[in-house]
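Each chain gets a letter, A, B and C, in the order it is written, and its residues are counted from 1.
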Amino acid sequence: MDFLSLFLTDFVKQLQSPTLGFLIGGMIIAALGSELVIPESICSIIVFMLLTKIGLTGGIAIRNSTLTEMVLPILFAAVVGILIVFIARYTLAKMPKVKTVDAIATGGLFGAVSGSTMAAALTLLEEQKMPYEAWAGALYPFMDIPALVTAIVVANIYLNKKKNRVASVSTTQESFNKQSIAAGDYSDQPNYPSNRQEYLSQQKGDTDNRVKIWPIIKESLQGPALSAMLLGLALGIFTRPESVYKGFYDPAFRGLLSILMLVMGMEAWSRLGELRKVAQWYVVYSVVAPFIHGLIAFGLGMIAHYTMNFSMGGVVVLAVIASSSSDISGPPTLRAGIPSANPSAYIGASTAIGTPVAIGICIPFFIGLAQALGRA
Amino acid sequence: MDFLSLFLTDFVKQLQSPTLGFLIGGMIIAALGSELVIPESICSIIVFMLLTKIGLTGGIAIRNSTLTEMVLPILFAAVVGILIVFIARYTLAKMPKVKTVDAIATGGLFGAVSGSTMAAALTLLEEQKMPYEAWAGALYPFMDIPALVTAIVVANIYLNKKKNRVASVSTTQESFNKQSIAAGDYSDQPNYPSNRQEYLSQQKGDTDNRVKIWPIIKESLQGPALSAMLLGLALGIFTRPESVYKGFYDPAFRGLLSILMLVMGMEAWSRLGELRKVAQWYVVYSVVAPFIHGLIAFGLGMIAHYTMNFSMGGVVVLAVIASSSSDISGPPTLRAGIPSANPSAYIGASTAIGTPVAIGICIPFFIGLAQALGRA
Amino acid sequence: MDFLSLFLTDFVKQLQSPTLGFLIGGMIIAALGSELVIPESICSIIVFMLLTKIGLTGGIAIRNSTLTEMVLPILFAAVVGILIVFIARYTLAKMPKVKTVDAIATGGLFGAVSGSTMAAALTLLEEQKMPYEAWAGALYPFMDIPALVTAIVVANIYLNKKKNRVASVSTTQESFNKQSIAAGDYSDQPNYPSNRQEYLSQQKGDTDNRVKIWPIIKESLQGPALSAMLLGLALGIFTRPESVYKGFYDPAFRGLLSILMLVMGMEAWSRLGELRKVAQWYVVYSVVAPFIHGLIAFGLGMIAHYTMNFSMGGVVVLAVIASSSSDISGPPTLRAGIPSANPSAYIGASTAIGTPVAIGICIPFFIGLAQALGRA
């Protein structure tokens, strides 16, 4: 009972954080029909600055730290990213009215990482004066990329198997028609990125499409969020950016994050409608999955805590990036890689429910858990 | 004589404030044909940040203060807002070549409040080290909304009376034609907001249109400026935003304001041409009205000063928001509520003359007056 | 040998500056195909803030300094600006496959000044704790405008002479055709600014077009970069902007510059392709010219150093603005003034090679030179 009451006190205390306040405020003013709009260009530059800052922090930290302590957390990050896709494949995909490719794509998005959710977690850890490794933000790509690659590979293996089965019982012509219906021909999303071809090494007359992994990794790395973070990382390692870091990127971080939280709250509210178009199991999944994913990562993080002295703050970061679902770089990569999946399903589930749950509930939950464990 | 010389010294000293400098600089570079443009999206985010900051200040202050001291200033703010509309109705509207609805709409805009003018006043008060209640910015909506509601109600009562008179001497067909001419059918503003219908409960076959007040209040509250301010107010009251306030919103305030002042100066210059299209009485009104409105509010504020210990800085804030005329949320609300009024008249009068007079002359004037009274 | 080793140490040390790091980082991520985009509106406001800050610094400095010490550096700035155009006229223009008007326009752009290059130089001087006159940034227009005016005048004199020669050996009809081919009729740049007419006082039936100088100066001063700087200068001289300067423009300077350097790196990479369309002599010119121009200015600056006690940091600023080539206000002015010149030639040479060379190599080179001279 003592543990539970400690946990509850810590949990409630964090709900007054301005970071969460702006998120909830955004949902409320959107619900009340406010005409407030934060311009698109402002959101872009905020995301750039937040991720450059996280990268710079990581880069400066890596320059001054031993790389061996990073091995286990990086490995766990990748394991969690891959595992999340398989969880979706064997739970969400089995539900009635849920298409298998849509479920795999959703799993990919929930395995991928949200830079803004991570930024919120780092800010709350600082508000709670809970120390974490400065390089913890650099775990981001090690979970993000494996999740996206796994989702695209698994989805394409599934689609090929299905196509082969269909092909064996019908003529090529019929197979083509059936497959495009079975896989869901969403003609209302006409602009599939043209690099779809790049991902599949199509050999004429052969139904065995092999998925190329490198283009998926490359596209993830080229996305605006990861580009900014890796740029910051490289600048942190190879130059001496301390002056611009302390005078600009670091002090602006919290304030810019507050604006982004507001935007995410408004966005979450406006996307709620999209969820009505898809099966209700997506709602259940996007409420429950952030906790399951976070708890798995939290457990693995505790192993690193006891064996490698990984800080409790670092464990929370690992858990939160597992809870989070990608909002910027994930969706376009998935659209290109699994064009037959329905974006309303995976983007709706992630933006409207997954992200608010991850930021508003999972972050305070895992910080509270870590604090209670630390004191117990 | 001593009082006058004190006042003049104080007045002149403030003209060197960078806030006023940027306003005048904006007018000068626009007059010189500069191609400098501050992008629209930057102006939006600046307005958001300034009003969120004013809201946060107010919210944090309200959390720590007794509400009773706010009652009288709030009441006076509402009284002044309503009074300003009636002043325009019985002065400006009586002038030759001035249409009554245009005059009422202009009164509504001058009764409504400009967030940037208020921000400039708060900055100048700080530069002059003149204390004011931290919740003073929260007076904004209590003057803004009553003014807009009053203007729309008064204009529609006037239009209905007129229509009835016309209807009694002519057939319905003719009445329709005549009214649309009499009320000014400005076909060059084709995009009247579609919520015009919402404001008027039109009953077929009955010329007695009743004006619904709630939709006007709702639209005012949903405007981007008031939304941001109320969001800040709520976050200031219900969360603990001190960290993000002190680290971001507060230090950026003056600098962002300087950019917005520049934009308002350029905007004022470019709108001057519009005033040539309307009767010259608008020029007279927009020079004189900010002083009259400010002096009325200053007088009422002094009552609160002597009875409730309302600070002299607070009296200045009340006077300045009365002097100011709305630039962001007011115009669209008026267009929707009084579609037959000519926007060139009310926007030209407010942006080209009213706002520069309020910021550049009335703010130093009322601060000087308060300082001279304080010392005399 | 001692001098050379001192110089090399100083040179290498500066390559770790975050300012240069962001420039090189921008080139690298563009080369790697990153999808990162810094929105146009953000770039505009950054340029505005940087140049307003430089202007404010200069204005505050001028308010507190004797004007006589500025005379010689200003004179040298103008001399260098004019000289650079003639250097291009008698070197680059003489190369095979290089059109004379293109070469003159390129000289004009390299003579004009880049505000961002200057901002980078001021930042690196501060990082190296090397003092310079606070008004040094105000040298900008005194080199920029003479260079642009000279280029446009020289180009038009050349075009008129050529036209007369052609006219004397052919009919008017033929002359017209030949001239438009000789001068390069770049029909792929259809939107020549309409103020072309303003620059030339065309007299019908007379081929002697005289170039009006005042409209060129006026257009330079009205450009967004110079407008912002002159506004800052005026506000620095006539108002007391210290509060907004210390609280906003100064602390944000380095951080905003880092974002702009990133953009310039990305821009340089993406413009490289344009250079392939023009003669290779442009590449040679844009690598060599920044050094030649900078060394000439450095030499003149040393005269001011020994005679008028002009600081070594000031000498570096003079050398760097001579090395730099205009990126914002120069190109549109040249397009209007020399419409027959090929923008691919001058913009490609300047943005893709000239600017990275000036920022990444010339700034560290001249700082290193000044430091080595100071110690030697």
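Everything below uses one rule, namely that a contact is a pair of C-beta atoms (placed from the backbone, for glycine too) under 8 Å apart; a residue touches a chain by one contact, two chains touch by 3 or more.
Computed from a predicted structure; not experimentally measured.
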item	value
Classification of the chain B:chain C interface as same or different, half of numbers criterion	different
Rotation angle superposing chain A onto its copy chain C by C-alpha atoms, nearest 5 degrees	120
Distance between chain centroids, defined by C-alpha means - chain B, chain C (Å)	44
In chain A, residues with contacts to at least two other chains	39-41, 252
List of chain B residues in touch with chain A within their complex	39-41, 44-45, 48-49, 218, 221-224, 227-228, 231, 234-235, 238-241, 243-245, 247-249, 252
Chain C-facing residues of chain B, complex	16-22, 25, 28-29, 32-42, 127, 251-252, 254-256, 258-259, 262
